[in-house]
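Let me give you the structure first, and then I'll get to my questions.
First chain written, first letter: the chains are A, B, C, D and E, and each begins at residue 1.
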Amino acid sequence: MSLEISQGTPVEISEERALTDSRRQMVLNMGPQHPSTHGVLRVILTMEGETIVGCDPVLGYLHRGVEKLGETHRYSQFVPWTDRTDYVAAPSNNLGYILAVERLCGIEAPERATYWRMIMGELARLASHLVWLGTHALDIGALSMSLYCFRERELILDIFETFCGARLTTNMMEMGGFSRPIPDNLPGMVRDFCNIFPEKQVEYESLLSANPIWLSRTRGVGVIEPDAAISMSLTGACLRGSGINYDVRKATPYLYYDRMDFEVPLGTRGDVYDRYLVRMEEMRQSISIIEQCLDQMPTDGPLSLTESPYVIPPHDSVMKTAEDMQRHFIWVIKGFSPPKGEVYQAIEHSKGELGYYVVSDGTPIPYRVRLRTPDFVNLQSLPYMAQGAALADVVALIGTIDIVLGSVDR
Amino acid sequence: MDANLLSSYIFAVVVLNVLLGLMAYMTYLERKLMAAMQDRVGPNRTGPVGLLQPIADGIKLLVKEDIIPKHADRRIFLLAPLLSFVLAPVAAAVIPFGDSITVFGHEVNLYVADINVAALYFLAIGSMGVYGIILGGYASANRYSLLGGLRSAAQVISYEIILGLSLVGVFILSGSLSLVEIVNQQSETLHLGPLQLPNWFILSQPLAFVIFLIAAVAETNRAPFDLPEAETELIGGFHTEYSGFRFSFFFLAEYISMIVISLFGATIFLGGTDGPIRDGVWWLALKAFIFLFFYIWLRTTVPRFRYDQLMGLAWKVLLPLVLINILLTGFIRLWGLGML
Amino acid sequence: MSSWLFLIPLLPLAAAVINFLFGRWFLQHASQWIATLAVAASFVLSIPVFLQIASDEQSISQHLYTWIPAGDFNIPVTLFVDQLTATMLLVVSGVGLLVHIYSIGYMHGDPGIYRFFSYLPLFVFSMLMLVLADNFLVLFVFWEAVGLCSFLLIGFWYRRRSAASAAKKAFIVNRVGDFGFGIGILLIFVTYGTIEYAGVFGQVGDATQTTITVIALLLFTGAIGKSAQLPLFVWLPDAMEGPTPVSALIHAATMVTAGIFVIARAYPIVSQSADAMLVIAIIGAATAFIAATIAVTQYDIKKVVAYSTVSQLGFMAFALGSGAWIAAIFHLVTHAFFKGLLFLGAGSVIHGMHEEQDMRKMGGLKKYMPLTYWTFLIGAAANAGIIPLAGFWSKDEIILGTWLGDQPIIMVVAFITAFFTSLYMFRAVFMTFHGEERFDAEQVHPHESPRVMTIPLVVLAFFAVTVGFIGFPPEDGWFHHFLDPVFPGMPHPDVAWSTIVLFAAISTVIALSGLYIQYMAYVKRSISPRGISELLGPLYKLAANRWYLDEIYDVLIVRPLVAFSMFLWRFVDAQVIDGTVNGVGSLVTYTSNQWRRAQTGLIANYVFAIALGAVIIIGAFMIFGSNLFE
Amino acid sequence: MAAEVLVFNLLSGIAIVSAAAMIMMRNPVHSAIALVITFVNVAAVFIMLRAEFLAVVQIIVYTGAILVLILFVLMLVNPDELPDFHGARPMQQIFGFGLGIILLAEIAVAILTRTVVAEPGPWTEDGMAAVGGNVQAIGQVLYSGYVLPIQATALVLLAATIGALFLGRPDEDEEPTPSRRTVATISLAHTRGSDQDEIPALSSANIKHEAGDRDLIMARDADEFTSTPEDDQKGQQE
Amino acid sequence: MNELMPEHFMFLSAALFIIGMVGVLTRRNVLVIFMCVELMLTAVNISFIGFAWEFSQLTGQIFALFIIAIAAAEAVIGLGIIMALTRQRDTVDIDEVRELRQ
């Protein structure tokens, strides 16, 4: 009888074929043109039915060689490029780079300028979170949320426009402070925004926080274990949603964050819903920080370090004094040369720890500029979270990581 | 060919055309309402307050290039939108739009057909409507479309059951499957002590009504049950590969289904043409509009379900509820007839 | 009244089913209350039935459903109550209720209690259905059902080897009687074409005298098994392995009297055959005498009571045989009470003595368990026929019946037996409750049983004293008139008052003499029991070894049977049958191996075969089956 | 009455042609569509035969449920490639068609030569109209004479449902697809696994109650939760 | 043939049944075979309903109703088996399934 079995070729063939699993699994190519991959992310999903068994993010569709560009531009020329990494929170990117270079040069901006930097940074965080909330909710199917969020973001962009003339890619920060005066109506606009926003935020939460469908779509989905979060070096809300207390503003305070009274929200379960709660709470804390800045800020005082060789001279004196004109000429034509050395400056970006590693060889052009963008690192957690999730969860997961492809691909 | 049949044919043509016109402005209404809910203006450039927008859309869709993907199953790809589009208005044939009226000396019934299995006929046509979606999804030779088709098949079968069972309570109470008969029963007045209520089945079957409402949303693939076409997941699902007027067929079919199922719900639960003063088709229109408003409202407000949650809702929540409802209704009916 | 008659058996059945299904996991000890309440309700329902029968003198019946509707042959399940049934109803449910109550105390803490309390109501149900049946088939079904319950309850402690084998013995011995009983019923059906009581009894005379005799004897065969008559009584003493309440209810009060009941029920048949009645009388008298002699020699308290039961059943049987029908039933009723009482009392003693049954290790228990003592004493006195207790009236009447039935020899035997009855009863009383304490006081601490056990004792004792007065005055009491319609055509001899008094006097003297002898032997110790036994020598040995009945059976029946079985096994089964089976098996294997080639595993081929078959069958039908080609 | 025959012939013609197309089509999805057409036409035939209810049931059950399920399975089990094994058995085709033709001939003979002996029953057009229509008539007959069979049918359906669930369940030997992560807890905030619902509240933390029932922990300092075991003991002693 | 005769539906029924049978015999895709079985069931239903119509009885319709119900159960189980089969064997070719032989 054993002989007959060995003759039964059809059985053996089909058994061999079963091993390949070829037909049970379906490969779905999600992106790079997909409405909910937040740009040109491409995710190759292997699915059994609607369940994800394999998830493979493919990056680089928006790669522009930003780091290489940093090695070929003068220090101050690189600032606009940082705008274009995470374009929904451009001022924060500027800030991180400027702080790094300032540390390299050993200078520090005047107090008033520092406060304004903080205000702009927090406003950028708010703008970024609003974009995240709108698109995240949209991915999960709440259509109206994005429109409401963009309505409030418009107010922030108006403030940016009033401050520097640009709305999206602001190129706002400068070495040693701000070379232009602060418009008179700006503090009032910021105050108005701080008064309006909390009410609006209550509105968002009334639409989402207790909505059963929202809860069922976010709770228990995309759980990141704390140890996994650390081992994947996640930062920002992805890390704090898993309950780990790490916030650059608290851990290694920069600017005047050590003067501020604010709290860092931590999640308890590490799922999508926790990260949602954490970000919503962060927005409240940001408003509080902005208000504290406005209260503590000196009403008068210098905005820029006029005397430093690393700082562009103020417009007035360039027009009036020959030294300043020469300095201006050299600053613009040749740039400034920080002392030899290297520096790593991290700030708490809206998406996590944004780090700039700048190496100077004493020439006006950096030897190396390295960007540690938070969403690039955070994106590592997508395959981890997508294992066993449903297809519909993937868009929620991409949303909860809060990626901007400009920043991921650089 | 007798005059009765002829008047039926004429009325059918009228209903069909009215439905198509309504459907066009249904899209306008939806866009305007959504805009209002979302702090926007909505269409406002084409014609006064954008009133010509649907026509402009229609023209645009008709003149767009008709693309058939290279690997598509051509015949089915062409057949699927037609199937959807043809079946959607057919269900309206059994909706009674009122009693008969006299036109040019002929008595014309304000319904195309009064068959004694009208409600089941409606369900049957509804269950056929899913073919357009499944076949469209299959024929596109696109993974997203295939997934959309699969989702649609499972979803429609599940919610078809819920939809049908939610009506059983009404059938038990009315003792008939004919919509004309059901409307006639609802036009009686119910005396509850000093109160005089219309005998609408929403009052005697509130649970069934709620379940019907949910199942109807799912049956027409509308938010939050729009999984077969979820644009953020499946990029339109079954109609990803469709463009031009083939897409518009799917589009039309969806809106016509919405209108028809609204009319059906209004007929079954809200008394149809029965109203507090001067019964007539306007009451039916008003009630259907309430349904449609609810559809749009839902779409702007709630997020989308996940696939497994959707099926779980159908089988674990709605099915037991609707079975309990049938059981209770049956007992109450027997008790009312004095058989218990 | 008749509309809820069905509740009487149904309630115990429901209790049995509930306890059986849910007892193990949910009810546990709560099962006892369900069973007790169900039987109590049954008892309460029986009272109005009895009262109605007593007042209307009309039998009532309730048709439940038709069990076997097969053309003309209909077996309806109908509940039928006449005077006899009503009496039995009260006895069964009443004693059953008391035993249930008693069992609550007796079985306390037994892990299998739910089993006990599902078997016990099941027995009550079966017994009630047995007496309520209105045809022989239903009677037979529940006849077997009570046998099954008896089996289950004897073997209740099935882990005990002796209990298991006693249960088997009871079951198998009963089979012998049931076999005859079944044939009797078949013969009734063959003879009369019906098995309903009314139909059969209406046309008894249509059959020949021989047939009637055979039927009567076959029915009595069943009674021999069930009611433990000679030679099939051996199972009953062994049945004492079961829990004592079971012995009281099944093996004293109710089930074993089913045989008597059936003979009484079949009165119209049996009374037609003088030969059969003579056989019944002789067997009954022999049973009564032999059992009584054995009882005198036993040391196990339960065995004494058990042999006493056999003896009393013999009394009833020869009463029937002598034509003292009512006296037999009367004795059945009184016996149910005092024998139930004796068993429960014995159980109480055993319970108080920590499961000790040997009377030689008892003695002097009177002061430890006074209530048990007094009730047991009443029961023993009733059994022994001490005036004016219940046993006196009925036993006296039976003896009188034998005289009236013109059976002087049996009468003499009855008197002798009555003497032995008195002997063994008071021997048990005195050995157990009087004299020095022979138990090990270190190990055993006799104590009175709990209230739940003694209350049934008191109730039964009350009835053992009073129930005899329903048959007073003898031959003319209320009970006689009540039962009279059941036995139509029975002669009513006029008995002179003087005869009654004479017989009563003789009975009393005999009973008191037994009492006196035992009092002298075990209390005053002026007579040595050992001396008497040595004096009697072989006779005593004969009685003590139960007349060697088990041994006789062993030689006559068991050994030949075993030998024959061995032959069947060794030769017929192993050689002939197995050889045939194996041969057929290898043949099948061989043909299958050939046929297996047709199995390609391709479903299409199978479908093709089906379709081909359809075509061929339709074609064949059209050619041969229709008129197309004719 | 010729119109009736004409309509019947038209319907049955389409039904037969599409049924034949069903077994001819190479692509099973096309077969399924052909079958849908057949079933719809059969439903129309049912209406002509005074069985409106069954016509609708036919559409709901066969086309609306069974065939949709078949399509579902077709798309699910074989999404990528169409079967390439079509028509590889000429002998079987010859035999199959041969048998079919013989059977058809036999049945044709049977039909043409049959003699009717039965009596017509009460459910004519008028009979049904008298009780309110086909649905009511079926209801009366079904629930007066066939109560037990319909209960049995319900049981069969239930059993089938359970059976389908059993067949459709994931393989037991297979590891559940999300390879579950075991957790070594190094979290600063809490100890937990993914399955742990209740998370012990932190004594030193400022717990914030959110709109739902979920809590957030609010940290004021960077090292608020990085306490060492010794600190914990101290805290307890205090 | 000016009137609808019983022969009409009987021939329709026979034709559909035989087409279904031929399909079962000749096709190899298990799903198509499944569809053919459904077709055969429907053909039987036509006969039942037709005879009910011919004799003005409802029994035939009742039987057809039961057949449809059982067909639904059969479909569920059958498709479940096919799903399990494809999951295990990765084929819908009925000739590759020769379990019956083992």
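In this section, contacts are C-beta pairs under 8 Å (C-beta built on N, C-alpha and C of every residue); 3 or more make two chains touch, one makes a residue touch a chain.
What you are looking at is a predicted structure, and each value in this text was computed from that prediction instead of being measured.
Note on connectivity: the fewest steps through touching chains from chain C to chain E is 1.
Looking at chain A and chain B, the chains that touch each of them are D.
Each chain gets a centre from the mean of its Cα atoms; the one farthest from the centre of chain D is C. Across every pairing of chains, the maximum count of C-beta contacts belongs to D-E.
Comparing chain C-alpha centroids with the centroid of the full set of protein C-alpha atoms picks out D as the closest. Seen from the C-alpha centroid of chain B, the farthest chain centroid is that of C. Once the centre of each chain is set as its mean CA position, chain B and chain D turn out to be 22 Å apart. Here the spacing of chain A and chain C, counted between their Cα centres, is 94 Å.
In whole angstrom, the spacing between the mean C-alpha positions of chain B and chain C is 76. Between the CA-based centres of chain A and chain D the separation comes to 46 Å, rounded to the whole angstrom. In chain C, the residues that reach two or more other chains under the touch definition are 604, 608, 611. In chain D, the residues that touch at least two other chains are 53, 57, 65, 69, 76-79, 89, 92, 95-96, 99, 103, 107.
Within the complex formed with chain D, the chain C residues making contact are 604, 608, 611-612, 614-615, 618-619, 622, 626, 628. Contacts from chain D toward chain B in the complex involve residues 27, 29-30, 33, 36, 40, 52-53, 55-57, 59-60, 63-65, 68-69, 71-72, 75-76, 79, 132-135.
Across the interface of their complex, chain A is touched by residues 76-80, 176-179, 181, 183-190, 192, 194, 199, 206, 208, 210-212, 214-226 of chain D.
Interface residues of chain D facing chain C in the complex, by the touch rule stated above, are 89, 92, 95-96, 99, 102-103, 106-107, 109-110, 113.
Within the complex formed with chain B, the residues of chain A that make contact are 26-29, 34-36, 50, 137-144, 147-148, 151, 207-208, 211, 213-214, 216-217, 390-395.
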